[in-house]
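Common to both upcoming complexes is chain A, partnered first by chain B, then by chain C.
Here is the complex of A and B:
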């Protein structure tokens, strides 16, 4: 795109050059003509170049980050990064979006990117949610992935704004050593950059890493670096050009439970007779350092603080209030080691699998429960019914690699549609259940890489004529009536051989 | 969401399900008993098809609804 401009510029220079040669002949008219042509050429080139720079919407020269502070929380296996950016618009044109850059390896493990803008000062501070969408820039070095934050009001020239970004990374703590025995502690690698990767010039930046314990085996030093207690500080770094990257590796101890659900299938069956039945199929795995050697139950039970420090045996599931008929079973049968505590706001189901989970060990189980219909099914103003249910996994602090939610709508439902606050894959299926003739429509929603921050309500809309509810009892009544008619037919017909 | 949306409940209160099940099944069984007694006691010439069909229809109606409420009361939300 730049080359035709350059060609035209060179052509203009060539034209003016020829006139300059003729200047030596001393003609005053020739001199005036050459100067005006040169000026015209230069202004034309300048206009074209300024047009190009302003037309590139998120040009890296337009925004400058005055101060960037990044806090990385490594306390659990889900890495939460809080980024506070103070941006300034240094060009004349207003800026309507800010672009965040991520290295390609990190972008694959990104579960969530949220941004909000701080409005007001000190006591009257309030936060406004901003939209974040993945975007692409034409000249991305080394496969950098981008997300663009849309500002509420475009940033005018010289104006500054403060943005707070939260992004969550999963599977970013790599256990090293990859295999540990029962009595060893779990150590993991965390790889990132001391300098915040950004397409803009960063004037000042600092990165803080919060570790779960004071034990850090090693960390890369990029001066100035300071490690005290549970905090590792990289920075402050001054005046770094765009796309500056300084890889660091931190080798730390992390014994928090690395509970990962490989596959979660949640089936929500709606019955207009007053109940919503939920069945959840879990494939749970411990995604930390793999367990090697023998498992000694004696050692595990006699010295709990020394043995199995990285393992976990309890899981907490947060269920809605007024839940009934909760069951917890697997392929073998019912698992009785569970406790249900409920109050008027929430119910907590604490489950204990049949064995504690060490690195690489898996557990497959089913949790099912029923909920009252009036808590979740509503009627919208345009006559459609909708289910308002929460997306995500009820288990606390777990990452779900693949989450599938199947909403089974009652027989006779038409026009199903789903609305979720983040992108999900949708499709429709049919399921044959109790007293079904044509089958029930199933709305299937799928999402990969789900974290607890995804536990937000979603809606499934459908139309249903209440008269269809009569189909079920009338079907049963007609079966009984057919029985009576058969009795009549038998009694009225004379089947005797001899009269 | 602006105003509170109307919650949809079942057409029959859920707490009535066991009571309704028992009463409707009882009535249905009584009517079907009356049907079979009529069949057993009447002779071939005195039988009235209309009476048999109506008794059968009433019995099947009550038995049908009674069995639906029995299914709902026992937790099979059809």
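Here is the complex of A and C:
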């Protein structure tokens, strides 16, 4: 009944708690117990924990958050959090970075953190992208994870700045009940803190939760709390010390498709004859509440609005424009239920798995398509060629647990290197395809926990001599030539022994 | 080829030959210009070039006409058995030959399992795997599925080549070419060799025809090399298909016929002995055949003929030694009596002691079409084991059905060892084709060859009529017809006035018939034989194509969403498909080796639900797959097959009685159905 993540949550708190002094231990156990009580459905538990920071580092005292506004979007299974911080430097030394803190359970599910700073006055407001890097602080309580945002210009004393942060959490909505039948709709738990976890003093903060529907079973109250329409508001809270934490649990209805691609392998094969062939192997799973009991096709088809609301039948993949020879198949053959719409800006492929996906059901399939080479392959000023292709999964609103991109370079290409806007694992492989002698270099890029926001271009650079393009046609031509020469020789010479 | 001129050729009159006269110089001019420009080919080379290009075209035609299924649907494996073959091929390519040979499959026939390596004909899988490895070695990055899908068309193309050589061997090159064209598009063969129909028959027909061709060649030449080649052809056939029994019975029968008609020769002796001894030894290497080849009743004819040959040879030798005719006759009488006596006693003792196994049920049902219906419902339940209707003969052979007797006539006119063989092959296989629908396939090559003889001989005779005039004017450019020229010239005077026009009309008629045949074949291929039967297509209300892909939907669901060790119970038809596409353990499958097990499933399906539950618990069943076609009007669903479940179940368990499921002898599934029918699991 308890989800595994919740277990880990408690466990982490308990383990780290033991390393604290004995006063802390009791309170941690209390908290763990209260969380498990919540899980049992008692959502009235109310707790504020103040973490004692024994030796606050100078950097954390330097900054104070004047105003924080957090908007959590729960409308799909990908939780998007928009955080607006107004920070002030209260010390004399200039501060060059701002640190964000995440509880360990959230940090595990953190797919992406992006930050930007607002520059200029109200009329001419523009946003500048800021670098975000994971960092460590010496006295992190309970395994808190940190990300530091590097400011463009260091904040001098008394100066303020407004930062906008977007971070995305995956696998953070826990279905409860964990198993539902075909006619039930899907309810999920969302757990967070009413107060923003921060290493800084926060003067004023508010949290808004946007729910997918008006149906919310229950939510933890941390006064002032207000629920109206599809919005749940926590706050405003005034003057909270660093590391304030107040767990809240929201039990809400969410019937959006919980489409999770457990593994996605995208193979991009470059041919200098004018084509890029892309093959994508999907392992799709419905990560919502598990399906219980029987599946009645008759009911599913006759009452689509009441039956199987949390299931999904089709998915939308957005492909680049000018896509051609699209196929959609799996291990046992073509899947006939797909539609392709394309115009000059984009192509949309609507695919239906062989069966509607209910909670816990899996489907594997392959999508393949060809693209014109000139749209994606360019020559850099230093004479290298580079492929400019988009990272991420083309399926809309899906989480990819593990994404592998293999860029198969043409035979004879050298010095491959890749550039991506975020850290990815890289390695090289060799692949043999049609008529290869030495094999093709394959650049492999791997990333875990990928969300649609990761769809940004990446580049693979390599050098290639065009003469290699002729190797394979020449090989074929010579084989045919020899064959015809043999035929000619046979025709012009009488080989029979009898005269 | 002068022999063909024995036909009474009534050449055209001088009057009627007037029209082609002016065209002839023009034609020869054209020819001379052509030959000047085209590297000055000699006539022989020209003929070779035309022949080779025709063969190449036929080769390509045979391949592409079988690709309708890929175009209409997709590159996929069809029907039931091919899925098993595909699964085993996949296993072979992944695990290697030794693993394959020793494969014990626990995924089928739960809880018994099946020793795959010992109970299948590995020829097809090994062939496909070899092609796959070969292509991989040449760096063609093909998928094993594509290889499997295209195996049958590829071998069909090869069959056309064999048909050409066979036709050449028994008649002449013209007949060979016609035979190649006819067999390339003959629906009887296409039905089992479209792309995706990855079944034993696909390669077996090639092997069958190759063995026959090589054997006839061996008989014609008396060469050990051809005999050896035919033994290897036979080995390939044995490794590919159970239909090899046909070869090992037809060839002895043929030899026996030659012996009886007094056509015994040293060539025959060499060919048969070499083929039989080596072929037998090779065939015994296939585990599924093994010692059956010397022990089972089906193979006894070959052995008997083998001994008879030795006796014959011995007698010949004695006759050669003894110049006294009377003494020899006495000796002959004694030897023949002894040989027959010893043979009969050996057979009797062997059968009685169980050393020689009796004929199998399938073999019996071939000789006696009513046998299966009375004794083995499992064989009778398969639609392709039903006796053939006239319409399906017409459907599969079209004009060949009429050309066949004509070809037989030509064969009888020019009897030789080779034509006797093709006549015997044609007649016996026609009989078997009448007994079982699927054996039309075996008859197809013979029908094509014999019809090709008819077509070729007719057209040759007719064109000979038209060309007599030109031949007189030309100075013997075609060497082969030199002998016939004088005779036809002599007949010019006696010919009737309308002979020539008649010949033209007949020729047009023949071409019309042949073009109808081509149209019919294309239509049949595209409409009837190119459906994978896994995917069904229909026309929607607006003329759009609606695809029913429910089978694969179900199998894929099983594959993805059931525990890997789940056991699925279904009627045996779907067994292979569930194991191949669903990757789950099944209780029974299309390899119907254990009738009791199938009957148990039949009993479970036709019992009351609580009884069925007990049976299924005892079989450790997790899922039951039933097919219901009522919504879309799909007729081959399990309700339709249900009476066979009852019959097969009742054959082993007398608790199940067919009349319980019928209302007044009628099979009803609606409200008025029998109560037992309504309350059973199905």
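The working rule: the second predicted complex is superposed on the first by the 422 of 499 C-alpha atoms of A that agree within 3 Å, B and C clash if a C-alpha of one lies under 4 Å from a C-alpha of the other, contacts with A are read in each partner's own complex, and residues count from 1 in each chain.
Assume contacts are C-beta pairs under 8 Å (C-beta built on N, C-alpha and C of every residue); 3 or more make two chains touch, one makes a residue touch a chain.
Not measured: the values here are computed from a predicted model.
In the superposed model, A:363 lies in contact with chain C only, and not with chain B. When the two complexes are overlaid, the chain among chain B and chain C that reaches more residues of chain A is B. Once the two complexes are overlaid on the shared chain, A:437 sits against chain C while remaining clear of chain B. In the overlay built on the shared chain, the residue A:133 is in contact with neither chain B nor chain C.
Shared-chain residue A:150: touches no atom of chain B or chain C. With both structures placed on the common chain, the touch criterion links A:463 to neither chain B nor chain C.
In the superposition on chain A, contact is made by A:491 with both chain B and chain C. Of the two partner chains, chain C is the only one touched by A:354; chain B is not.
Shared contact residues on chain A (touching chain B in one structure, chain C in the other): 433-435, 491. If you check the complex, the residues on chain A that touch chain C are 329-337, 354-355, 360-364, 432-437, 491.
Residue ranges of chain A in contact with chain B, taken from their complex: 269, 271-275, 277, 325, 370, 372-375, 377-381, 385-386, 433-435, 466, 469, 472-481, 483-485, 487-488, 491-492. Of all the residues in chain C, the ones that touch chain A in their complex are 41, 45, 48-49, 73-74, 76, 138-141, 534-535, 547, 549, 552-553, 555-557, 559-561, 581. Chain B contributes residues 5-12, 14, 28, 32, 35-36, 39, 47, 49, 52-53, 56-57, 59-61, 63-65, 67-68, 71-72, 75-78 to its touches with chain A in the complex.
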